[in-house]
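Shared chain: chain A. Partners: chain B in the first complex, chain C in the second.
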Partner chain A sequence: MERILPPQVNGEAFRGFVAEAQKAVGRDYVYLDLEWELPAYNDEYATLPKALHQPSAAVAPANVAQVQAVVRAAGRYGIPLWPISTGKNFAYGGPAPRLAGAVVLDLKRMNRILEVNEKHAYAVVEPGVSYMDMYRHLQSIGSKLWIDPAAPGWGGMLGNLVDHGAGYTPYGDHLLMQCGMEVVLADGTIAHTAMGALPGSRTTHLYKYGLGPWADGLFTQSNFGVVTRIGIWLMPEPPGYTPFMITYEREEDLYEVTERVRPLKLNNIIPNAATTVEMLWEAAVQKQRRHYHTGKGPLPESARKKLRADLQIGVWNFYGAVYGPAPIMENNLEIIRDSLTSIPGAKIYFDDDRKGDIGWEYRRQLMRGIPNMTEYNQMNWIPNGGHMDFSPISPVTGEDAMRQYSLIRDRVNRAGFDYIGEMLVGWRDMHHIFALVYDLQDEAEKRRANQLFGELIDAAAAEGYGEYRTHLDFMDKIAGTYNWNDAAQQRQRERLKDALDPSGILGPGKMGIWPQRLRKEGV
Partner chain B sequence: MKTLLSLAVGLGLGTLSSTLLAEPDGRALFEQYCTVCHDRGMEYPGTARLADRWPQQPSLLDREPLEPDYVRRIVRHGLNMMPPFRPSEISARELDALARYLSTSAAQKNKIEDKEK
Partner chain C sequence: MMTRRNFLTGTTGLLCGATVLPAWAGLVGDPRTDLRPVLLLSEHPDPRLPFSPRGVSLEHHPLSLERAAAISHQAEGPLSVDNYSALVALGTPAAIFALRTQLGSRWRVVMRGMHGAKAARLHEIHAPASLAGSLAGAVGAARDEYDFAGNLLALDLDPRELFKQKRISRLHQAQCWADTARASLLALPGRAV
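And then the complex of A and B:
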């Protein structure tokens, strides 16, 4: 591994920045060693050569003053910075920067839980706080508040939220539950957003919008500033919790399940981010493919049938939960049961029915706000597994669910991969997550996976579907699909970028937004 | 100072004052970073992966002693599905302590565990 410097940066400028960064954060926290420090900043599951996203260095500040100093130094030397929080977003590139040679601004050491407010049910955290950290902390102080962990749970609360991540409790739409933000701008200024802009504000984490344009969203999935602190609303522990699972026998049941789930979600009968899970997702978190089929190509129906029998699962498996006092839960469960179990072949399960079932247990925990790593078992589906997630948004209709499912499944199977997917139902949309799992030791398979991913983007866009999040390799391509009216939105973002970060040092290429001096780097 | 501070940070707020003066504790580091994937049970991805090769001792808690240099390399470079850990997460000195802990026998690990209880 050889050092790659950022474009338009010579060795002298790089060394000048490094010296200033070392002065700001201490020599021990500027990582330059190509053998023992920097490899961990690469995209571990890369399908293309890792050098495409290899950083030149990493800098790990311990506080906001050090972030300011590093950002200012980067501005003086023209060094691109790539901010990360816990760096565990491995389906989308992990800690690696979009631009080769960028310096990773690693905020993991900023891991203070600044406040847990039981009365108003929120927490304030720095970027390095993981779901695991917060869960352990709440347990240790005897808190009656729940978190909403992403799966897997080693991810960062702040990082996941600003990347528009989702979870599985009623607080599953993470950005919706954000309130108050501290941001370091490209010139080193610290800004507090919304109510926090009022000196001595008593409502920074209670009311999201403040006065005037609500700017917090501009700092999510963006490169307009470095978010160093965030307020997150937490769910008060309800008096009761009843998770359930309903299995469906036929592939085409997805249509009817989705149609019936929509009113249950719209009317909050099912309050949590409920999920319709395809059988291979269920299988991949607890079984290995080779125990059912040793050949290449998509899993044959005979093997799928045996998996369903062994795991007592359906082709589709719906997970949801009800919360609250017993009479409310019983009432809502009756409505849910009437609607969702009247589909022929449907079977409903509760906790007592699935003791010892790994697939059930991790879902039960997630819908209850308990972080775990079980979903990472997907990488065990094949030996040496890696993955990228393809994540289009869908309306909550049977027609759209079936169309997206077919669109992805057919192309995936033709390319020789398994469809491993779930549809997470939010307020009025479904996040359709397809986990593309490939063999990290098979270069041809990785190239095929990368090509397939690009084809899926085009096919989805042609049908009117866009993705909500993506891997480093596809940020430009997906940003390019949001091109209505001569890409008016993209041009607006570029104008904002040029105004807020004229030196173009923050996160070049994040979600297809490039600073003027590097705009040609994009697609 | 580097190690003392990063250990304190790694272990969270609750243990800050007590760990500022302490040497890195390999077992505590293992619990903080490793058990989420390597505890006992097939719901832990690392354990499920290692069950193929080490069916009698798939959890690192039960594994025969590992060479410290091997631990250092795997932590910093990853292995197959396991991604590497950055020095901002586990410092060099913490990694030494973790490697020492994993180089003890299962019996010794369990002894440490019992003593802690």
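And then the complex of A and C:
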């Protein structure tokens, strides 16, 4: 394996940067070995050659002063940096940089929980704190606060939030629950956002907006700064919690389920980020495909039928929960039952009904803020499994749910893959997550997966649907679909990029935003 | 659960200062100095190794996907390279992948095995050329993954030599170990270089 240097960077500049980075963080935390160290920063689930996202080095600072020193050194030598927190979202590229030759700025050594405030129900964390870390910490101090973990729970709280991740409790919209941020800008300056900009502020993590334009959003899914600390609101433990699952027998039930879920969500009868899950998602977390079908192509109906019987699941499976004092939960459950179980064939289940069911257990935990790894077992669905997630946003209507489902399922099945998907219902939208699972050792299958992904983006955009997040390979393409009025939004972002990071060193290509000197690399 | 009263009135303030996360305590051992301390991670709580490799002080801990993910990624964490001369892990492909991504740069994964993935009797070994070659016999003779682990644990490897070599993939036809795909991993401390 050859070292790939960043564009417009020669060996002398690279060595100069490395020497300064070593001085800043110590030699042990500058990774250069191509054979034994840098592969840890590859895109493990790559469908294209890994060299496309191969870093030239990785640097792991231990504190914000070291981040500043590294950023300043990068600016002096023109070295592009790719900041990561824990780098665990392999569906979107993991720790790998968008631009080959970029230096990974690995922040997972910064793993301090700086504050847990029980009274006001928030925490302040550095980038290396995972959901599991925080959960264990809250348990150890006897806290009565819940976190809202992503699935799987080894991801970083800060990284997930700034990448617009979602969870499954009433606090499932993670960015909505963010309050206060510390950012290292491209010139090495530290900035505190919103109320935190007031010296001695007593409300940094209590009021999101401060005075003037709210800038925090600019540092999410972006490359305008390196977020080194974040405030996250946590949910006070409610006096009661009742999760439930409703199974539906027919594919077309998705229409009616979605129509009925919308008013329940809008009126907060179901307060959490509820989920409508297709049967193969359920199956993949606990079974291996070959036990039901050994042939190529999508799983035949006979195998699907056997899976449903074995797992006691429906074609669609709705998970939600109610929280609060018992009388409130009982009232809300009555409304939910009336609405969602009157669809023919629907069956409702509670905790006592599904003891020992792996699929139920991990959902029950997630909706109660307990991180776990169960969902990651999807990678055992096929041997050598890897995945990329295609994630369009949908209105919460039956028509849109069915249209998106058909749009994806038909193309996926034609390409020889299984549809493994779920729809996560938020405040006014659904995050439709399709996990495209493929065999990492089958080069032809990986090529097909990559091609299919591009087709899905085009087909969704043609129907008016855009994705909320994506894999490295498709950042430019998806950014290119958000092109209303001659891509006015994109041009505005590029102007911001040029103003905030004139050397173009932070996260080149993140979500399709390139610095001026590399703009031709992108769209 | 909180009481209804607590829920309505709020809880008392509790503020904790900067907290460095505790290391995962379960894995720190006290290896005897005259033996090679080796760590085995596997799903089975009481692995039935076919033999106790000579010259090895074996420490075993259960491995699940949850535990693999919970292992600290810090150099000074539970899988400190100071405590062991080698690490062998057996598990599902997802669990072994998770473990591998958590080991950090102080461990060097010199062997990755995928067993029964493409076909029930097919074993793929990815390792430096000399190791991949020498493991052919071990794979062929093993009746199950614990047989194979016994062979891995018994290897007295020269890390400096291995670290110089290119890694290659070798496919071996051998016995079927399980009705599901399995994975294995052998890691050595990078301190040898």
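Note that in this section the second predicted complex is superposed on the first by the 523 of 523 C-alpha atoms of A that agree within 3 Å, B and C clash if a C-alpha of one lies under 4 Å from a C-alpha of the other, contacts with A are read in each partner's own complex, and residues count from 1 in each chain.
The definition used in the following text is that a contact is a pair of C-beta atoms (placed from the backbone, for glycine too) under 8 Å apart; a residue touches a chain by one contact, two chains touch by 3 or more.
Because the structure is predicted, anything quoted here is derived from the model rather than measured.
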| item | value |
| --- | --- |
| Three-chain arrangement built on chain A, chain B and chain C clash or fit | clash |
| Partner chain(s) touched by A:P325 [first = chain B, second = chain C, both, neither] | second |
| Partner chain in contact with A:P383 - chain B first, chain C second, else both or neither | both |
| Touched partner set for A:A62, first chain B, second chain C, both or neither | first |
| Partner chain(s) touched by A:Y362 [first = chain B, second = chain C, both, neither] | first |
| Which superposed partner A:Q286 touches (first chain B, second chain C, both, neither) | first |
| Which of chain B and chain C A:E118 touches, first, second, both or neither | second |
| Which of chain B and chain C A:R109 touches, first, second, both or neither | both |
| Touching partner for A:D133 - first (chain B), second (chain C), both, neither | both |
| First (chain B), second (chain C), both or neither touched by A:W36 | both |
| Doubly contacted residues of chain A, that is, touched by chain B and again by chain C | 28, 31, 36-37, 40, 44, 88, 94, 108-109, 111-113, 132-133, 136-137, 140-141, 153-154, 288, 372-374, 376-377, 379-380, 383-385, 441 |
| Residues of chain C defined as touching chain A within the complex | 1-4, 6-7, 10-22, 65-66, 68-70, 73-75, 92-94, 97-98, 101, 104-105, 108, 114, 116-118, 124, 163, 166-167, 179-181, 190 |
| Parts of chain A lying in touch with chain B, wherever the complex brings them together | 26, 28-29, 31, 36-37, 39-41, 44-45, 58, 60, 62, 87-88, 90, 94-95, 106, 108-109, 111-113, 128, 132-133, 136-137, 140-141, 153-154, 286, 288, 358, 361-362, 372-374, 376-377, 379-380, 383-386, 440-441 |
| Of all residues in chain B, those that touch chain A in their complex | 2, 5-6, 9-10, 12-14, 36-37, 42-45, 48-49, 52, 76-78, 80-81, 83-89, 91-92 |
| Residues of chain A that touch chain C when the two form their complex | 28, 31, 33, 35-37, 40, 44, 86, 88, 94, 108-109, 111-120, 129, 132-133, 136-137, 140-141, 143-144, 152-154, 236-241, 288, 291, 324-325, 372-374, 376-380, 383-385, 441 |
